[in-house]
Amino acid sequence: MTSGFPATADAARAPVPKLEMRGITKRYPGVTANDHIDLDLQPGEIHALLGENGAGKTTLMNILYGLAVPDEGQILIDGTPVRIAGPSDAIARGIEMVHQHFMLIPVLSVAENVVLGAETMANPIFLDLREASRRIRKLAGKFGFELDPDAKVQSLSVGQQQRVEILKMLYRDAQILVLDEPTAVLTPSETEEIFVLLRNLAKDGRSIIFISHKLQEVLEIADRITVIRRGRVIGERIPAKTNAKELAELMVGRAVLLTIDRGQSHPTDVRLKVEGLRVRDDRGGEVVRGVDLEIRGGEILGIAGVAGNGQDELVEALVGLRKVASGRVSLAGRDVTGASPRTINEANVGYVPGDRQRFGLILPFPLTDNLVLTSYYKPPFAHGLIRDEGAILAAARDRIREYDVRTPSPLVPAQTLSGGNQQKLIVAREFVGDTTLLVLDQPTRGLDVGSIEFIHKRIIEKRNVGAAVLLVSAELDEVMELSDRIAVMYRGKLVAFLDGRTADKYQVGLLMATGEGGSGVADATGSAS
Amino acid sequence: MDALLHALNGIPVLGLVFQFVEYFITSLPFTAHVAVQLAVPICLAALCGVMCERSGVVNIGLEGIMLTCAFTGWFAGAVVTGVLGPGTPTPIFGFTVPLLLALVAAILAGMLLSLLHAWLSISVRADQIISGAIINIAAIGLTGYMNTLLSTQTLAATSNFSALRIPAAVAGFPVVGWLINALFGQGPIGIATVLIVIIFQILLFRSRWGLRTRSVGEHPRAAETVGIDVIRLRYRNVVMSGALAALGGAYLSMEATNAFQAGMTQGRGFIGLAAMIVGRWTPVGAFGAALLFASSQAISQSISVSPPPGDLGTLLSHVPTQFFDALPYLITIVVLAGLIGRSIAPAADGRPYQRESAS
Amino acid sequence: MSRPSEGRSPVASIVSSVWSLIAVPLLAVLMALVVGAVVIVLSSVLVLKNPFDPTLPLTAYSALALGAFGSYDSVVSTLVLTTPLLLAGLGVGIGFRAGLFNIGAQGQFLMGAVGSVAVAVWFAHTPAVIAIIAALLGGMIAGAAWGFVPGLLKATSGAHEVVTTIMMNYIALAVLAWIVIGPLRQPGSVSPATPSVGVAALPIVLDRSGHIGIFIAFLAVPIAWFLLFRTTRGFEIRAVGANPDAARYAGVKPRRLIVLTMSIAGMLAGLAGATTILGVTHQMNTTFSTSVGFDSITVALLGRSNPIGVMVAALLFGAMRAGAGPMQINAGIPVELVDFIQALILLFLIANVALRRLLRLRGVSGAEQTGFETITRSYGGETTG
Amino acid sequence: MVLANLPRVAAISLVAVAIAACGPSSSGTATSKWKIALMSATGTLLDHNFSQYSWEGAKKGAADIGAKDPATVVPKDSTDYDKDIQTFVDAGYNLIVTVAFDEGTATTKAAKKNPNVTFIGVDQSPICVDEQGNADSTFACKGDASKLLPNYSSLWFEEDQPGYLVGMVAASISKTGVVAGVGGINVIPPVVRYLQGFELGAKSINPNIKVETSYVTTSDFTKAFNDPVAGKVLGAQLISQTHADVLFQVAGKTGNGVLDAACAANVFAIGVDVDQYLSYPNADPCIVTSAEKHLSNAVEAAIKSVNAGTQKPGDSLFNAANNGIGISPFHGKDNLISADLQAKLAAALKGMKDGSLKTCPAKCGQA
């Protein structure tokens, strides 16, 4: 097959596209996820699909991959209409996908995960895992990374797991590759490696759909960019003939302020002091390896870092959900090392968990119960052992109004709410009252722009009334925009503290990637300036 | 109580331990054979559970499937014998035409009942515990009902599978003779169980089917994204697993005895469920757990049948006999709580899989 | 859990919510009876080779209905049989709510029975009121102890309660036999039996057999409901069952709660045993047999772990048990048919939800399904966190 | 659509049920004034054993006196006894047979409460009542049941006598010098009596013989009589571990498994209660004989004498003297039975009849 970069969009419109999606429409109750979307993909092309969370990118790709059935529309491969009723149909036609949430089975080995569904067989019954391992090693070697095929996936870092996902595609020799937000969990350098890999694959004649909402990345990697918003195709651009600002406007639908005004911080007393904190993960490995930090009232400390560097464990230890192996945590001067979640909560600590459906909400319970999840046992919501349903309902109505949670009633189960409203529900619970410290773990993950803006505004407000805020986010932009100070977490340690207003994004990226970087790294003790 | 204390005071503990070890070894040839017999139906039930739950479908209906199949096998045998005559048993295993047809009927019944469970838990996405409970209650009800009705009729007597007779020379062979006798001095279902355990274990961890089964039990969506038809695989496995529990039921009414009794499973399906958990959802583990349970039962029985001599016997004679009834259950608890602890079910166990995502 | 809908007239919303609550179960019962009728006719023709008699099921069901509700006597008999099912069913249901699959109601029931006898014998010379209260408490404590052990094992070592409670059932049998044969044996009893419970016997207040245990059981329904839905402890129980991680964050100590919940479940099953001994048999012997513990699991499932639902389910089962004997006596239908019909009811109940879902009929809400989801989680899921 | 019709179908059937419930109940055409009913042992009527033969006796008795076939009920568990008897009484049955040791208390209570109903209990002796005729849970048994409860008689058997006879057979056909008796559970006096007689009988032939007595369980009542697999496994272990070559089962359906074990190991087996050569043909190859109590005859006779007004209240003992017990025919295994043994058996039977031979130890019926 002839290959090469199509120089322009016109050149990309070869007579027979590798893949063509025509008029794809998908409706869910109350929402049209895809509204007559057209998309084509040329051989050897990297085609970016740009859109906000919830714009319908993932739905479109699920349709392509047979995980969802379109209500209307047609899919053509090499000019021939095809019916894709399930992933096996897609795979049979050379389509492979890396999903936003990894589709890996933690208890199985790397080799088992890679061969699953396309097993290398020793005979008609038994697997040939040795041969599979050999081929995996070879493939990995070819693209310059190492992976132990016998390692259990659950023991791998997130970055390594991403590689397993890509190996799965390579192992199947896919011709159409779909990557859904593949860089969300990667460091800039890992991202760069993946980009090199993708370009090589494209050169090899493979066609790639690259889904993202990160403008810079899309501009860097794509040959062609299709922007979708609210289920519709808004426009198509060539990177050379557009810029981030234009794309952002296409994506969001209005001119956006790429930065919000966070105002000045006025640090007060030390609210949280962490000394030499060490924490183990579920498997017993020490993932927080000596963290020292201090946060004062009225300031936001953002922790930047690639997911899986111990941030989740650090946060869980701070709010009492995880045992502290050693070290000291004190809140406003009071030692709370190893205290229970309730003790910490009662010290006016608010917590927005990274996994809202796991720690944040009890989905089958009504909003009322979820809003009093941490205060159900004390007045006014309970007197002794007896709950006061009236007080709970009244408070719930207030908070739902105040935090603009869209719901038909405070008594519906939390699972009936959209993701954004679920997150607002948590915020409504955790931001209420006189907060000493707010611990925010990925507070806007997976939310639409409106919700993100709303939550960011509330965070700034809380800081302005004197709360200390610890913000952990895998979105470097979010950390950069909100933080008064930035700490970079790398392999269980805070490797640098930077000023939030002067920090350079590329320097932070380098620190995230390598744990060391450029000059100007501030003192690593973590004390507030 | 005083006597017990007295006995305890008078005897050096170490001596007792030696005596027990000696007794254990001398009675091993007898207890091992019995233990395998007791373990077979429990193990088959547990294997059914392993196959279901490895695919992500909880099955607490083991007891009911066994009971139904015990009934079906026995009844079908009687009907076929009535039509075709009893037939001549083969010298080894005592196969007859009616008996084999009855076995087929029992297995079909097991698969049919499992199909119901599969439909309820996979297609209907009903609560799998409730579905299993339905099977248990329905089985107790329907077999009891039919048994009562049928016992006013005179049914043709059927033979049952007979055990392989290990020649005394082999059975008496030093060191391993007892083991050969224990494992292979069994009927066809008993021997098949040992083989099934080994084959199942190898297939589960070495074959394509096994890999896919484990993947749909752990993370069905991931399995689906690599082109595995989760629904079909779950259906196939649950229905197949019915054949295993069916063998367990057939063992009771067609190999261990040749008659059906209302409620003759006597909780073996539930013990099988426990064996599956204690065995951590692996075939060999389940067999081991079933064997552990059965051995402690066999040793308890051995102590009552042929009490050890000497001080140990004196001591044991002061222990209430009920203690020995409870011993297998106590040992299971101790092993689970003390040695195994938390056993973790396949991650998607009991979660119905819905193909099309909602968002 | 019903879900108040806002913006409709209260009467209309009550009627519609009551209807949506009972329509499916009612349909399930009727369909089960129809299938049961088919089985009756078919089996009588095929197995007994009787002439085809389409009225046989009607004869059977009318005998069943008369036996359960035909007279004051039979209504009382239904209530007496409902009592232990209701109490034990509430216990199992509360366990389900906390994500615990307690198969051990049987053992807890037996230990409750033994415990109440032991205390009754001990309190033989006290005034009846004291003896009764003490004996009931004795049964509750013994049952609670039998639930406490699997709870403790789960909390400390993570041992799966499905295994431990099954084992505890059998151990209860052995303990019961030992106590009746040994320490509690009435001298002179040819077959080992305990002395009579004497003054601790529950007063008969309804007809010939309606002991006050009936009222205790029905009183337990609002108490259990209140505990689950109106107290903070109940909130914690439900929270641990629905999402153990979030519950832990909410400040609940899951381990402690598991032990507490298992103890409460055991206490209720133990109370069921106590009322049976003190109200019905008045004495325990080694041949005492029962299936209440296992039936109560079905009752809890059918009642979806909601105390009110459990009450309805227990009444249904109690009525069927009361009617089963008369059905066999008057229509010659083996009592086991009742088990089969109970299974069918459950089957149609869950298949009905499916049929409605397939046909997109209204009345299946998210809330309706979650009652079931919690139960399954109780099996595979991790509760200790 | 099928589903759409379901509510209607269901509604129609409900109405039909309601109509039927209001209709007249069928009335018998039999001439006798007796309406006979039978409550079996827990769980099963047709056990090829105890309950079944009582039932057959009751059927024969009913036919003899021109009454309708007896109605039956199988209690689901032991808390059902009172209720089920009451159901019979309420339905107008006036001659009620209850079949099991542990139904005695419930029968006593019912007899006291319903003086116009006649009760026949099988295996419920001694009837233990206090001075008022109430069931006496203290077992002081101060009252005279035959006077206080004239409407209740309990048929009981000296099981030790047939046990003794088969014990003699066992001892004489044993080659290893070890014989075994397997009881279901050690708390049922009739079970224990059988085995006590068995041991004495065996020892009377060969004082050095080893008699192994085992119980399937000491706690689990359903396992004791309802688990043939457990019986078979226990039997097999007895044979292999103690070298017993004659097995006597006293464990109902569990015991049938014991018979199977004997057959499988090519040793002899002895049945119980009825001629198990006839009732359990599976084990015909190895059944030598059975220890019988003539249940069917006893129940039939009792019904006839109730009808004739000659049935004596209270404990009604069946033993060798009134031909209430016996030993089954050898069914083609007569060659095993020497003339010497024949003579000894005859002598023993004679001794039982005239009371000169004691077949039960002091603590008769207690293990």
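The letters A, B, C and D name the chains in turn, as written, and every chain counts its residues from 1.
Going forward, a residue touches a chain if its C-beta (ideal position, glycine included) is under 8 Å from a C-beta of that chain, and two chains touch if they have at least 3 such contacts.
Being a predicted model, the structure only gives us computed values, none of them experimental.
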B-D against B-C, pair bridged by the larger set of C-beta contacts: B-C
Approximate Å spacing (C-alpha centroids) for the pair subunit B, subunit D: 32
Where subunit B and subunit C are represented by their mean Cα positions, the distance between them in whole Å: 28
Whole-Å separation of chain centres (CA-atom averages), subunit A against subunit B: 47
Cα-centroid distance, subunit A relative to subunit D, in whole angstrom: 74
Set of subunit C residues in contact with two or more other chains: 170, 173-174, 177-178, 181, 334, 373
Interface hub residues of subunit D, defined as touching at least two other chains: 74, 218-220, 222
Subunit B residues counted as touching two or more neighbouring chains: 147-148, 152, 262, 322, 325-326
Full enumeration of touching chain pairs: A-B, A-C, B-C, B-D, C-D
Residue ranges of subunit C touching subunit D (in the complex, touch as defined): 27, 30-31, 33-34, 37, 55, 58-59, 61-62, 65-67, 70-71, 73, 77, 80-81, 170, 173-174, 176-178, 181, 186-193, 195-196, 208-209, 276, 280-283, 285-291, 321-322, 324-326, 328-330, 332, 334-335, 355, 359
Complex contacts: residues of subunit B adjacent to subunit D: 27, 29-31, 33-34, 37-38, 41, 147-148, 151-152, 157, 162-163, 252, 256-259, 261-264, 266, 298, 301-302, 304-306, 321-322, 324-326
Residue numbers on subunit D that touch subunit B, as the complex places them: 43-46, 48, 52, 74, 186, 212, 214-215, 217-220, 222-223, 226-230, 232-234, 236-238, 240-242, 253, 256-257, 260, 264, 281-282
List of subunit A residues in touch with subunit B within their complex: 28, 33, 59, 62, 65, 67-69, 86-88, 90-92, 97, 99, 102-108, 112, 115-119, 121, 125-127, 168
List of subunit A residues in touch with subunit C within their complex: 319, 321, 340-342, 345, 351, 353, 358-365, 369, 373-374, 376-377, 382, 385-387, 389, 408-409, 411-413, 415-416
